[in-house]
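Pasting the structures in now, so scroll down.
Each of the next two complexes has subunit A plus one other chain: subunit B in the first, subunit C in the second.
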Partner chain A sequence: MNWQTIPPLIQKDLTIFFRNRFYTLITIMALVAYIGVYYAMPDRVDEIIEVGLYAPSTSAEAAKMLEEDGISFQLFESEAALQQAIVDEEIGSGIAFPENLFQDVAAGRKPTVHIYVPSDVDNDIKDAMKVIVEAMTLTLTGRSLNIEANEVILGRDMAGEQVLPRNRMLPLLAVIVLMFETMGLASLLAEEIQSGTIRALLVSPMGIRELFAAKGVVSVSMVFFQVVVLMLVVGALEFEPLIIITVLFLSALLVTGIGFLMGAAGRDMLSVMAWGILAMLLLGVPSFGVIFPGTMTAWAKFIPSYYLVDTLHQVINFGAGWPQISNNLLLLLGWDVALLFVGVAVLKRKFA
Partner chain B sequence: MNISRIFTIVKKEFIYGSKNFIFIMALVMPVGITLVISLLVGTLFSGKPRLGIFDQGSSQLTVKMSQQDYLLTEIYSSEELLRADVERGALDMGLVLPMDFDSQLQAESDTSMDLLVWGESLLKHRTLLAVSLIRQIIDVAGREVPVNAELVLLGEEANIPWDVRLFPLVVIITIFLGGMMVPATSLVEEKVKRTYRALLTTPASLVDILTAKGLTGVILALFSGVFILYLNNAFGAQPAMLITLMVISSIFAAAVGIIMGVLVKDINTLFTIMKSLGIFLYAPAFIFMFPEIPQWVAKIFPTYYTLNPIIELTMKNASWADIATDVYILIGLTIALIGVAGFLARRALDADA
Partner chain C sequence: MPNHAITAENLTYRYGDLLAVDHINFDVAEGEILGFLGPNGAGKTTTVKMLTGQMRPKEGKATLLGMDITQKTEKVQAQIGVCFEIANLYEQMTGIENLKLFAQLFSVKNFDAHALLDRVGLGERGKDRVEGYSKGMKQRLMVARALVNSPRILFLDEPTEGLDPVSAESIRNLILDEAKKGVTIFLTTHDMLEADKLCDRVAFIERGRIAALDTPHNLKQKYGKRMVKVQVTGIDGKLENREIVLDTDATAADLQKLFNDEKVVTIHSEEASLEDIFIKITGRGLA
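Let's look at the complex of A and B:
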């Protein structure tokens, strides 16, 4: 291999890439936008139902009896104060017990409990609040049911330490950054094939191996740099940085292989983008399994990006280490080799 | 008009046009916008609690839990399947009911049930499922709830959440991106590549070509529109009427697209016109976003009549009587636009000849 011919080609490709204002602008704006979306998303999981409570003379006791892991009560001194707090959107809903709740129930009367909710709340929440109140008054009035519930937690119990929604989004953001960058390089490749400049390069002292090495280096370095910046800015490199960097590098190789395929399939920027969006949708599928748990079945493992997504999810959100994710990395490496081989073969056929 | 020729052109549009950027965007963008809106207003991660039940007998509890709209309940035929789905996070909770659950409850003897809880489920989902179970068990046991629970609504109804305010914008973008942009781009590309004239020399008539281009847009807009309604769980009480309206609105959008495709000569001009026209197309959706603006202003814009009946049906469960006037105006506008599109296309052809 003639190594000296590679750096000038890398320099040429980088110059051409940044000369295309569309891709340059998209590259910078998109990276800023992804980071912005990450930080715009909630930084806590809202897993407690907060309810205002007015319970005359027995407030503290009632709240203590009713309080469960998933519900917290904020006490109010009057029904009017509770109503005002809901109107002012300080609290989402409220319950007001009547003056003599316990005595009325004991006497066989059926007192009325008021549930206050904002008028724009949906019917599901109204129904749920009614059920909560009816079920809880059973506990409050000492009429609990004689049922033994054998509770088994499946998987690690994440109560109180839920995965942040934005951290569930992070694998998808990584896939998007990887693929968007690859589209730019694939369109350069497609245009070079169409205009015949690739053939012109091959009549120079540069061989076909040097050509692919240069294209590969440009693609991997551009993609890898951006996705590392994303992970760095959002703080994901705090968790097992070496694993994260390794998986991102392997993913950069993966999308480079896909980029070669797109470059062979497309004719110009628009057609490469069309192929690129399709590829991005497909590669994005496993990340939806992280965003919406339970939606994916085992078939998602046939999509190569699964191993990137699962590794990021396990490391960032569950603190996994090398033993848990080494299989993922090996399989991702296998996909890299396969896709780079196919990508190079298809491209060679295209301009042979 | 020849139906078989129209479908041949439509098939060609889907095979070759599907590689077009606008075609892909028409499918991807509405989903992307829905996702972004859901992320930003925080509705994406706050779904309903999901419960699975494996009932070894035929308990009334299973029926009652399935009737609760604020839960997603699924019945399982085996405990293994239920356990597997809880483990992978498809359910927040799995409930295994013994054979004689109801009779034990009613006899007030010791009763037990197995609850499988997914470790990552939110505490509020676990609590809501637990209290719902208690509430329905009270009914099955034949016991009485000791209190009357009375709902009191506070505040003004005009307080519309942002995901609701933004929904019309998603609908209108979906209809017009597929319905209008795809036929317009396709026609302009045919002109730029000089295949438009070649197409006219085939046995396909001008009407066949324009109908096929429009039909491609209608199919695409309809597909994306129905998908968006599904994603937003917004089919309302009358899905058949809703889909009919989506078809008419898509035809309206396609007619606008054909007019633009006939008048415009290159892609850059088309995009420039789109940028300038955009505000008029999307104006009703922006007005809907801000209830402080007098809502009658939206009626000035023709796209109001594509949007309003759909919003009335999806969000307010309106009846035919509520939307009939708007629908008649929409049909009138659509027929007029089809006429204008046909006239302009014929005139352009004559001018070229």
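Let's look at the complex of A and C:
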């Protein structure tokens, strides 16, 4: 190994990268944008459902007394005003009681209560609204349900400390930052192959191992630096910083292997971007399971980024430590070795 | 017997079933300029790739400066310079930065980029990014890059292709200067006139084989014929061409007869060109 050839190659790659205005701009803008997206996401979990209420036969004070844990009523003067507020998206749903509610109940008639929901609301919300209406009607008419509800929490009860939406978003942002930077570096690699500069390098005393070492150092350090900056700015390094740093480093190795593959597959920046977006979508899949709990399927574990996403999620959102995530790190390391090996092999064939 | 800077023994390369280089043998003496001539696809570039360690021969071997290129690739590469046909420079870097990068890769101590740029006529443009250079300037910078490590063997692939006459001439002068210093030069070119002007010997390569290898003079002697070309006025007043082959027993009589019988308008002697000889030997042109 001719070690002294590696520093000039690293310096060359960094010079070329930062002299390309597009790559420089994208690097800075993207980082700023991702941090902005993170802070634009809600920093609290809203556990109270606000429901519009039109209840002409009940006083405002009495209606307010119907509020339960997690439900808040916004009173409306008319049924039409309630409907308009839902159409205008000022409120998510509404209930309108009839004017002669008490008379109908007293007379043994079945009063009609209107539930107003937007057109795109799912069935779960509609069912929940019916339950609320039944409970309210029974309360208003002086009767109580003859059941006892027993709430059972599976896993740790996180009532009042649910995962913040922005922290659910964080693994996805990390994957995007890693992949975006890798695309820029893979473009440089593709251009180097296409322009033939790689041939000039390979007839110097520098061998192919030194070339891969230099490319690897540049790629890993660039993506690692960016994603660490992201984590630092959003405060994620406050949770088990050593684990976070380790998983980010392993992820930087992972995307470097992918970057080698993209560099070999692409001919120019556009084709590398096309491959890169495909890879980014695939690698992003596990993070959607964090954003939308319950949607993760078993095959997501075959996507290498799962182990980055799950580690970040477990550490930042559930306070996991080394014992809980060590398997993730080992599997991620395995993916690193496999992808770097394949990436180097494919690139070697490309140079031949 | 001169020391051989390059020796190729049964050098062979196949791309699948296609035999690109077919058991070729040649050697190049130290300080010699060898022209490697042939049409596109003849096997020139593949041969250069094998000689410079970019490709491993399927059969045979190449020895440069006494070392087998496949065994001592990096040691050999430290002592050779390669100038590629297509400009492969780092366009976002300046001329000086391009040269310095390669000087560092070759571990050249006290490297003077300015002096080298001056030699190729780019002294004033060294601090400019290469993306702003003309084709001729890029080609000169490529030659300069090949000289960064003061190589003992210089491989030049079409170094003057598509250049203006001034740039081409400056590169030819540089090649001759290097040869005078004892640098062995392996010149790949389509330009037969250039080869004739610069090369001590030329090799004609066709379909992966060396069809002829000798000095331009000997090739002309062996395969060419000297002649005089004469333009005369015909009976109807139109110009007609006549050719008289020189160096035969009948030459003097033929010339005498021509002057007696015809009205000579122009007359000039002509040697066979390398291109004529190439066509004669291989049966095809260089295009």
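Rule of thumb we're sticking to: the second predicted complex is superposed on the first by the 261 of 352 C-alpha atoms of A that agree within 3 Å, B and C clash if a C-alpha of one lies under 4 Å from a C-alpha of the other, contacts with A are read in each partner's own complex, and residues count from 1 in each chain.
In this text, contacts are C-beta pairs under 8 Å (C-beta built on N, C-alpha and C of every residue); 3 or more make two chains touch, one makes a residue touch a chain.
Since the structure is predicted, the reported quantities are computational estimates derived from the model, not experimental observations.
*Asks:* Touch test for A:16: subunit B only (first), subunit C only (second), both, or neither?
*Replies:* Once the two structures are laid over each other on A, A:16 reaches subunit C alone.
*Asks:* With the two complexes superposed on chain A, say which partner A:4 touches: subunit B (first), subunit C (second), both, or neither.
*Replies:* second
*Asks:* Touch test for A:201: subunit B only (first), subunit C only (second), both, or neither?
*Replies:* In the superposed model, A:201 contacts subunit C only, not subunit B.
*Asks:* On the A-aligned overlay, A:323 touches which partner chain: subunit B = first, subunit C = second, or both, or neither?
*Replies:* In the superposition, A:323 touches no partner, neither subunit B nor subunit C.
*Asks:* Just to be sure I read the superposition right, which of the two partners does A:40 touch: subunit B = first, subunit C = second, or both, or neither?
*Replies:* After superposing on A, A:40 lies in contact with subunit B but is clear of subunit C.
*Asks:* A:128 contacts which: subunit B (first), subunit C (second), both, neither?
*Replies:* first
*Asks:* Determine, for the superposed model, which of the two partners subunit B and subunit C contacts more residues of subunit A.
*Replies:* Comparing subunit B with subunit C, the partner touching more subunit A residues is B.
*Asks:* Output the subunit A positions appearing in both contact lists, the one against subunit B and the one against subunit C.
*Replies:* Shared contact residues on subunit A (touching subunit B in one complex, subunit C in the other): none at all.
*Asks:* Spell out the residues on subunit A that touch subunit B in their complex, using ranges where they run on.
*Replies:* 37, 40-42, 45-49, 68-71, 83, 86-87, 101, 105, 110-121, 123-138, 141, 143, 145-160, 162-163, 165, 168-169, 270-271, 273-275, 277-278, 281, 291, 293-295, 297
*Asks:* With touch defined as at the start, can you tell me which subunit A residues reach subunit C in the complex?
*Replies:* For this pair, the touching residues of subunit A are 2, 4-5, 7-9, 12, 15-16, 19-20, 195-197, 199-207, 352.
*Asks:* Can you name the residues of subunit B that touch subunit A in the complex?
*Replies:* 18-21, 23-25, 28, 36, 39-40, 42, 44-46, 48, 50, 68-70, 83, 85-91, 105, 108-120, 122-128, 130-132, 134-135, 137-138, 141, 143, 145-157, 159-161
*Asks:* Would you tell me which residues of subunit C are touching subunit A in their complex?
*Replies:* Checking each residue of subunit C against subunit A gives 52-55, 73-75, 77-78, 80, 82, 84, 86, 88-93, 97, 101-102, 104-107, 145.
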